[in-house]
C-alpha cells in the first residue's frame, strides 16, 4: 500500500540518497488519501518519462503551504523512481553564494542529468532558489531566467528527465510564469482532522480518549507544525517527561498540549 | 497540400537544420486552416524577400499563447525557405550568459546573415531573449535596444533578410514598441474543437466513438498541452498501457483521460 | 519644384553622403504640400545659419509617427545644404556599445563639426540614441544630459551649426525637456488620402480605376507602411507576380491588396 | 524562583559569556509574571533541544517594542542553558562591514555551532542584522536569504541547536516570512503599572508614598525608558543629587520626576 | 544708468572673463525695470560681501523660465563685481564626465575661491549640473549633496564669497531643499509687452508702425525666444533678406513674422 | 546667567575647539527662555554622564527648523562640558567622499571617544551625514545603519559618552527610527517676537522706536534668517551705509528693512 511504498528505501543510491533521506529524517507516516493520490500520480509521471518516446522532458510542481510535506514527498518519489540519476537542488547547499554561482551549479546539475538515460531533478523550495522576498518583491531574475529555460529545454536525443519542483509561494511563481512552464501542478494540502487522527494513531503519544479532541484541535495543520507541537507538549509543563512519552510509558497531558497549541498559534 | 508542405524536410542543410528540426521533434501534423493560412503568408514573405528590390529587410512576428506551435511553425518556414543561411536565435544556447554576451551573439548572427545573399533569422521566444519577467516588469534593456535597432537596420547592398520573431507575451512586446517594429504580425491560435478533431484523427489513440467527446473537451487547447495530456492518459490508470496505445493495440480510456484533464487544468 | 529639389543629389560628398543616401534608398517621391512646407522651412534654417551673425547654433526637431519619413527628410536637407560637414548620428552605428562609449562618439561628432565653418548634424531617432523604452520608462540619462548640453553649447567663434533631430516619441522627449531645447519643432505627418493618391500615381502599380479606392483605404498611413503594403500586394495571392507589376506589365489585384491591408492593420 | 534563576550567572563560560553579560549590565530585576512566563517557556525549549531525538533544530523569536528587555532575556536563557556553545550574533560587532562579509560571519557562527553537540545562537536585533530601514523599505536580501536558509537547515547528525531571535520590527519580519520560519514566537511586553511597581520597589529610589503615583505614570513603559528616566530624575533639578539618591540618602523629587517624564515623552 | 552699467565690460579680467562674456555674446540690451531691479539688488549683495564682517558667505538664486536671461544677468554681475576671482561653473565644460569627477571640479572651484579675499562663483543651470531629468525624477545625489554642503560651508577666516545660482527648474530645486539653502531668491521674468517694445526699439528691425503689434504678439516671451524669432523672420519668406534687415535697409515683413511666430509656438 | 554661561569659552581645548568655535562665529546672544531651557537640560545630561554608573551612554537629539541655532547650541554644550574629548562630526569635512569612507571616519571618531573617560560627540546635520534628499527619498543606508548601531553600542567599561545630534528633518529621522534611538529629543524653536526683541536690543542696529515694529515683523524667524536680513538692510538702499550702522553712527532705515524682508520671504 501507499505507506509501505513510501517507506521502502533504496539504499544502493550512494551519496545523493543521503541528501534525499535527510529530507524525511523521521521516516514517512500515512498522511491520508490526498497525499497518497499525489504520490501515485507522480509515480505515473516517472513511468511516463521511462516509456514515452514523445516526452523526453516532464515537469511537475508540488505547491502547498509551508511545512505541508512537499519536500519529503518529492524526495520519496525521487528515491522510489529507481532512476540512475536523482538529484536535489536546494538553497541549503548554495548558502551565501552569488547568484551567478548558483546559476552555474544549477546548470551543472541539468548537464549531469543529460548524461544519464533517466534522471529526476528536484528543485526544492523554488522561491528560496530564486532568493525571493515578498517586499518589493525581490528575487534573482538571473536564476529565474535560467530555470525558465531549463524547464523547457529538451534533453539530448535518448535522454529522459523528470523535474519536480516544490514551492510554498504559488502566487509568486504564477506571477512570474513558472506555473505555466511546469506541465502539471499538484497541491499538497495541510492535514484535515481525519488525516491528523491517522497520524496521531501512528505516533501513539496521546491517551486513546484524547486522540479525537487533539485531532479536532489540530485540524488544518501542516504536518511540520504538528510535529513541533507534539515535541513541545511531550516535555511536560515542568520539563523532563519527554523520554517517558516517547517510550510509551506516559501520554501527553492534554491540557498542557492545549497550552502549547496557544503558544504556537498565538501570533 | 499544407501538411505535405510542412512535412517536406530539406536535409541538405547541415548543422543549423538540426537546431530547426529539434523545434518540431515529433514531426508536423495538420492543425487546421488558421495555422495553414499563416504558413502560406509567411512563405509569401519568403518569396517577397527573394524577388523584391525595394525591401531587402522583411520582419514578421508570430504571437500566440504558450505552446500554440509558434516555434515549430517558424522553424518550418525557415527550413522550407531553402535560403542559404537560416539561423534560430534561442535563449537555450545562451543560458546563464551575461546580457552583453547575449547581445554580441545576437549581433554576430545578424552580421553572418549580412554575408549571405538570402537569410532567415528566427528570434525565438523574444521575451526570453529579453530576460523578461512580469514582476516589475524586468527585462534587459540592452538586448531590447539591440534588437530594436537590428530589426530596422537594412542589410548591405544586395543582401536580403527575413526575420521571424515568436512570442507569447504580446502585450509586453507591444508596450516596448516591438510590434510596430515588425512589418507584419500574425496570431497563432490555440486549437478549436474542429482543429483538435483533425489532430486526434491523425494521432489515432482514441476509440472512434470517443474522438468527438475528446475533441470537445480539448477545445481551445494549445497543441503542446494536448500532446502532454495524451501522453499522460496513455499510461493508463495503473501505468503500463502506453506501449499498447501507441502501437495501436489499445485505445485511451476516455474516463481516465477526463481525470488527467482535470489534473492539468485544475490550477 | 519641391520634388526636383528633393531628387537633386550632391555626389561630391564623400563617405558621409553614403550614410545619408542610405536613408532614402528608393529615392524621394512627392508626398504632398505638408511635407514640402517642412522641407522649405528647414532649408530657410540652413540659410539662416549661413548668413546670421547672432545665431551660430540653430536646432530643429522633426517629430512624427513611426515611418512618416522624418529620417529621409532630414537626410535630404543635410544633402541639399551643401555644407562642408554633414553627419548623421544614428543608433545603427553604435549597436551594443556601452552608454559612455556612445556619449564619446556623439561628443566627437560635435567636436568635428566645431572645426568646420558650416555643419549639419542629424540626431536620428533620438529616443533610440537615448536607449528609451516605454516600460519604466527607462533611458540613458548620461546620453540625455550630454545631448541637452550639446544642444545649448555655442560653437566656437566663427563656426556655425545646424542640428536636426528626429523622433517618433514626442511625448517622451517633451517630458525630459528636449522639445524646449530645440529652437523649432516640425510635425511630419502621415499621408492623407490626397497625399497617398499623389504617391500612388508616381508609383504606377494600380489600375487607373483602382487608385482612388486604394488611396482612400490608405488614408492616414505613414509612407513606410504604404511601401510595405504595396510590396506585399505586388507578389500576388500565389506569389510570382511581383516582377510583372514592377515592370508595369501587370497591376496589383485590388482585392488581394485589401487582404494584405487587413494582415498589416489587423493588430 | 524566577528572579534568582535570572541572577544566577555561569562564570565558567569564557569570552563568549562576556558578550552575553554585557547585554544585562545592570543585572536582572523581576519584571513581572509575563516576563517570567517567557523565560520559563524558553528554558523548556532548551530542555527540548537537549532530550529530543526528532527536533535537532528549534527556533524561537522574541519580539516586542524597543527597549522591552528582549536582548537581556535572550542572553539570560543563553547563559542559563549551560550549553557548551552559546553565541550572540549582533550588528555591533559587524559595524560598517559589507553585507557579504556579514553573511560569512553569520554562516561561520552556525558552522561552529554544528561542531558542538548542544548550541544556542542568539540572532540579536534581526532588523539591524538585515540593515532594515523603514523607508523603501530597504534591507539586505543577501543576509535575509542566508538567515532564512540557516533557520531551516538541520544541523548534522547528532548535533542540536536552539536559535533565539530578537526583533522590535515584527511586522517587517512577518512580511518577509521570518515569523513563519521560527517554530515559536513570544511577545515581550512593556511594563504595566504592576510590573513597574515591582521594579521601583527593587530599585528603591522613590519615597514610599511616591511609588504608586510614579508607577501609574510609568504604565506601559519599556524597561529601558524607565531606567533612562530614573537616571535623569536622580540628578535633581540643579544637578548634583545623583550620588545621594543611589546611596539611598535621598529620594527622587517626584515633581522633578514628572518634568523629566515630559521631556522624554514630549515627542 | 542700468543699460550703461550692463554694457560696461571689464577687459582686464583674463581667461575667466572670456567665459563670462560668452554668456552674453550679443551684448546686453535694456529689458525693462524688473530686470534692472534684480541687477541692482545683486550688486548690493556684492557690496555686502565686500564690507560685511558677519557674513563671509552670501548665496543668491536667480530662477526663471528657460531663456529668460538668467545666465547673462549672473555673468554681468560677476563681471561688474570687480572681484579678483570670478568663476562660472557650467555643465558645458564637464560634458560626459562621471559625477564624481564633476564633484571634484566643483570642489576645486570653491577651494580656489577660498584662496582669494573676494570671490564670485556662478553655479549656472543648477539642474544641469545635477544631471536632472524630470522622468523619475533622476539626478545626481552625489553632486547635490556636495553643493548643499558647499552652499553652507563658511570660507576660511578673512575670505569672502558670493555664490550666484541659476535655474529654470525652481520646483525641483525647492523639493530637494536648495531654495532654503540660498539666502536670497530672485525671479527673472519673461518680457511683458512693454519690455518687448523697449527691446524692439533698440534692435530697430521693424517698421515703426509694426513695433506695437509685434510687441503685443510677443508678450510674455523669454528674451531668447524673441531673438530666435527675429532671426528667422529676418531671412524673409524666400530667404536672402537678412543682410538688408540687419544693415537697416529693409524691415521685417510683419506677416511673415506672424508665420514664423506660429512655427515656433505651434507645439 | 545663561548668556554668560554661553559666552564663556574654554580656550585650552586645542584644535578641536576651533571647529566648535567656528559653529558660533559671531558669538552667542541671549535668544530667550526656550533656548535657555534646552541649554540647561543638555548640561544636566553632561552631568548625568559624568556621575552615573548605570548609563555610560546618553544620546540627545536637537531638532528644529533650518537656521534655528541647533549647531551653535550643540557646540556650546560641547565646549562647556569641559570633557577631555569633544568632537563634531560634520558633512563639511567629508565633502565628496564615498559613503563607505564617511562610515570609517565616523566609526573612527567613536573609537577615539571610547579611549577617553568622558566624551561628547556632536553628529551635526544628521540628514546631511546621511546624504538625505527628499526626492525618492534617497539617503545612505550604509551610514544610517552605522549610526543606528553606534547610537546603541555601549562604550567599554569605565568610559562614558554623550552624543548630541542635530537635524532640521525631524519627520525623515523619525521615519527611519532615529528619534526612538536617541534617549531624549529637544525642539529648538524659531524666535517669537519677544525673543527677537531681546536679540535686536543686544544688536542695537535699529532706532529705539523701530525695535518693536521690527520685532513684530520678524516674528517666527530662525535666528540665521534674522542675521542675514539685518546684514542686507544695513547696506542701505544705495549701499555704503553698513560701516556706519555697525559702528553705531547710523540706524537701519526701517522702510528699506521692510523691502529687504520682502525680498527674503517672497518665495
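Per-chain numbering from 1; labels A, B, C, D, E and F assigned in written order.
Going forward, a contact is a pair of C-beta atoms (placed from the backbone, for glycine too) under 8 Å apart; a residue touches a chain by one contact, two chains touch by 3 or more.
The shown structure was predicted, so the numbers you read here are calculated from the model rather than taken from an experiment.
Student: Between chain B and chain F, how many steps is the shortest route if every step has to go to a touching chain?
Tutor: Minimal hop count between chain B and chain F: 3.
Student: Could you tell me which chains are in contact with chain C and with chain F alike?
Tutor: Touches both chain C and chain F: E.
Student: When the Cα trace of chain B is superposed on that of chain D, what is the rotation angle, expressed as a multiple of 5 degrees?
Tutor: Rounded to the nearest 5 degrees, it is 120.
Student: Residue numbers at the chain A-chain B interface: does the shared fraction exceed half, giving same, or fall under half, giving different?
Tutor: different
Student: If every chain is reduced to the average of its C-alpha atoms, which one ends up farthest from chain E?
Tutor: A
Student: So, what's the distance in Å between the C-alpha centres of chain E and chain C?
Tutor: 35
Student: Give, as an integer number of Å, the spacing between the C-alpha centres of chain C and chain A.
Tutor: About 60 Å, centre to centre.
Student: At least two partner chains per residue is the criterion; list those residues in chain E.
Tutor: Not one residue of chain E touches more than one other chain, so the list is empty.
Student: Starting from chain C and heading to chain E first, what is the chain order around the ring?
Tutor: C, E, F, D, A, B
Student: For a test of understanding, state which residues of chain A touch chain B in their complex under the given definition.
Tutor: 41, 43-45, 47-48, 51-55, 100, 103-104, 107, 137, 139, 141-142, 144-146, 148-150, 152-154, 170, 172, 175-177, 179-180, 183-187
Student: Would you pull the chain A residues touching chain D in the complex into a rising list?
Tutor: 22, 25-26, 66, 91-92, 95-96, 128, 131, 133-135, 138, 227-228, 231-232, 234-235, 239-240, 242-243, 246, 263-264, 266-267
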